[in-house]
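Chain naming follows the written order as A, B, C and D, and within any one chain the residues start at number 1.
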């Protein structure tokens, strides 16, 4: 089955082509079926491939060479191994559920077929990203998902804010992509190849970790790409704005899959990062800072999707924390569990928004649990999972991250614990404000409240089940020495040096995090049972306004650039370039004014010049050159 | 017999054609001089064909003839039109391109 | 001096003298006749070079068709020595000089050139129509077709150009006046 | 050295042949004028020339003598050289075609094979075309040099007429060439050996009736014979391009026309009617002495030629003259498409038969 791996991206591509070219003519329901079926087909193929990989198979499937210059040869090749097969399953599996969800969620929208075309294109690009056997193919997928993200955030482009949110996401991603591109060029320049196997093979050939060496620079450049795509400090502000898109899009792209591309890339380049300790330090600190900062912001947000968005940023920060510790498999583990519960939470919030006819402000909700029981329960499961309550999936992965940070860097561990604390708090604040208490909206909205149809609830239930059991493939070392996922991934990902913790310490850590999670969950529930929404002041106001990061960027980057552009326009563009271009025109005109005196209009004169030129050429050719 | 004989002959004819084109003002005569030059080239091609025992250059002569015939058809039509307008075939009258 | 060379010299003298006649005679009709004579001399050279087919085609195409057209046009315009535009002596002199210089340059250049093929006197079959036909339709089919298209477009172009446009200064002729 | 290389006998043989052919051409042409008068007389129900000799047989000599003794006039405003060159060229081109016509079967004398053809060149038919295309110069130069507007009009008419009809003529012959596969007239005649072979007529006429018809019409036009005698139509252009000519220069023009008629009859007989072949020639060849066989071949050829000449004359006195636009329409819009279709069909059949 592995040799047919090209089928996996092929199906969504076909779905995109059909829906994309026929979006004016294809009926909505058919468009949804095409979109979902294509992803289901890839999921089936991915599943078959996964089982083969589980039995130890891995392969590089080359379709054709598309760049062939000199010694450099970059084929369009797919790398199938444990890492990519896990991602395949996450993308196609969750992707399929979200497609099914979308058939119902988007049914009112007139651009539904176009939406499915974009969604399929996204799945295709994402699959290209994780399947590529070299950085260039990954880069193609990387740009492709960026494009789809832009298209889908601005899907309701008639709203100006939404369209500019899409643009913001695109521009910020481009900043990161430049880093990725530079990293790629550095690899090409230093190693002459972009193919993983060749590149890592060269790395393996007895090279010591060297500080400030080229490895660090390559690793940092690649990490800048990851920062852009995975919304880390300082390029995280686009992700909350990206919530302008349809909610399933937020679930699929901006929570479960695309934003984890950075994690995938660093896990894929684990060998490189193992040789670049400085870069790893940076990754870890940025991850910790992001986790902390986003968590603080999430505490004071009132938009249901914004809260989830900041929690996503925060969780991504956790993943990068793990990466910074060299615990790549742990990060991938968290990617997986996070994909389950965050998709669940987003879809649940979508269900809520659906019921509230588009209202997203939690100050106007409350008591929704009475009307939509399934959504409430599944959302609760999601909250439990993300908060890190024991025996839910998030607990295992987050605990593993915290354990790895404790072993390496106590400072980061402290930040991580505080962030986890806040996570539990704001999630239960969100849950409580939304589902319990009295309804605070208008009468019309209350009258309209209803449970969502099966196409929405079934994915919710499935994801809820996954959120519960998903963690058991990576039980901590104290319970069982056999870490299933880490073992499975070890064939393609090499973890950095991890200090082993004694069982005693581990139990202690588990105890601490369990206690914190439970305590702050309850606190979050209790503190928000009787909400009163007074205008915030002091630190709370700073938090509500997201630490004024957007304003800071505006003052530090946007306005100086505008000023500079105006200056350049006035002096360089108008006087320099325009002057030069006009000068060329003027000089040609002046010259031709003189030259046209040669044009006597006398044919005889022309023939004479012709013969003369011929004679001179002959003379030159025969006597001077020859 | 060395090929040089034919080289010189065809160059002589060619140069006579050029002289004619330079000396005369009658458009038709200039046209005829061009035909003369083409024929000089044809002659050279045939000589080379004989030298190399290769038919290709004779085929080139055919193509030159075709082009020459087409050129004469169009060119003479142009000259006739010109004569109809200005009642002369003096090329020096046709200097309007200057303006 | 064998027959080949005698014929060569006769034809060469004929070709060059009649070519000079083309450019020197004041009467355009004489020029045409001289040019026809030149073509005959060149055809004679073709026969010498075993290109009989080409020789006859040369006569048919150049002497039989192209020059008739020239003659036609000249007769229609009634050009003769009296209306022949003359260039000034200086320009004529410059023309002769520059043409002569070109000839001298080429001669001087060719004197040292390494082209030293020899024309065998024995006849060969290259110039036979069968051979030419095979070469033409095996190796040069595409150029042949393209040149036929060129020819067609030239014909149509000549007709379009030469067509008398309805001009205002001529009174419209009624059909029964024809 | 040079003189040794030349085959003297060969030269003598060819010179003799050329002389004979020229004499016969001139003789036939001379008596064609007599024949024409006689035919005209018969058509118009009168006697015709009868004073000079029996049946007026010496009339051509009388005519020739008269022309020789006429005053030679060259108009003042004519260009002298070209005025003289015109009839000369016309006569020369008229006579040139006879070089490649095989007048009779080859025979052997004293170990030498003597062919009754001056030159068997491998591009015979093209040679005919070349000469035919040159024929127009005599008319054009003569007409222009006379400096007379009738002459000029006539010569331009003649030129455009002959250029127009040359095309159809050439295309009709291409159809024939597709079947013969050779350009040599000698080979073409040999292919038409006898009259009947293998259940087919051997003469090309039976293979190319349409081609022959087109060729015939074009031959009329090329010869400026009625009904295509527009260049010299008396009623419009007085006498056409030889209006200003007198004496023997006029004689040359008149004479060359008859020679042209004779030669084109010979060409048609050669190409389409088997040349010197006649039915039952194999029997004659087996049973008669060689000289008799050759003589019979030559006789058969001349019989065909004279039949054609008579046909030309009959047509002249039967059909009225075309109008000029009718002539052009016939040439461009009827004959050329017809010839093209004929060529295509012939080509298709030749391809189908696998020739």
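Methods note: contacts are C-beta pairs under 8 Å (C-beta built on N, C-alpha and C of every residue); 3 or more make two chains touch, one makes a residue touch a chain.
The structure presented is a predicted model; accordingly, all values stated were derived computationally and were not measured.
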Length of the line joining the C-alpha centres of chain A and chain C, rounded to whole Å: 77
Separation of mean Cα positions, chain B and chain A [Å, integer]: 73
Averaged-CA centre spacing for the pair chain D and chain A, given as whole angstrom: 95
Where chain C and chain D are represented by their mean Cα positions, the distance between them in whole Å: 28
Residues of chain A whose C-beta touches two or more other chains: 604, 608, 611
Chain C residues counted as touching two or more neighbouring chains: 57, 65, 76, 87, 91, 94-95, 98-99, 102, 106
Junction residues of chain B, two or more chains touched: 18, 21-22, 25, 92
Category of the chain touch graph - line, ring, star, complete, other: other
Touch relationships between chains, expressed as pairs: A-B, A-C, B-C, C-D
List of chain C residues in touch with chain B within their complex: 4-5, 8, 12, 15-16, 19-20, 22-23, 28, 31-32, 35, 38-39, 42, 45-46, 49-51, 54, 57-58, 61-62, 65-66, 69-70, 73-74, 76-77, 79, 84-87, 91-92, 94-96, 98-100, 102-103, 106-107, 110, 115-121, 124, 126-127, 131-132, 134-136, 139-140, 143, 147-148, 150-151, 154-155, 157-159, 161-162, 164
Chain C-touching residues of chain D, taken from the complex the two chains share: 1-2, 5, 79, 82, 85, 121-123, 126-127, 129-130, 132-134, 136-137, 140-141, 144, 152, 155-156, 159-160, 163, 166, 183
Complex contact set, residues of chain C against chain D: 1-3, 6, 27, 29-30, 33, 36, 52-53, 56-57, 59-60, 63-65, 68, 71-72, 75-76, 80, 128-129
List of chain A residues in touch with chain C within their complex: 604, 608, 611-612, 614-615, 618-619, 621-623, 626
In the complex with chain C, residue positions of chain B that touch it: 1-9, 11-13, 15-26, 28-29, 31-33, 35-36, 39, 42-43, 46-56, 58-59, 61-63, 65-74, 76-81, 83-84, 88-90, 92
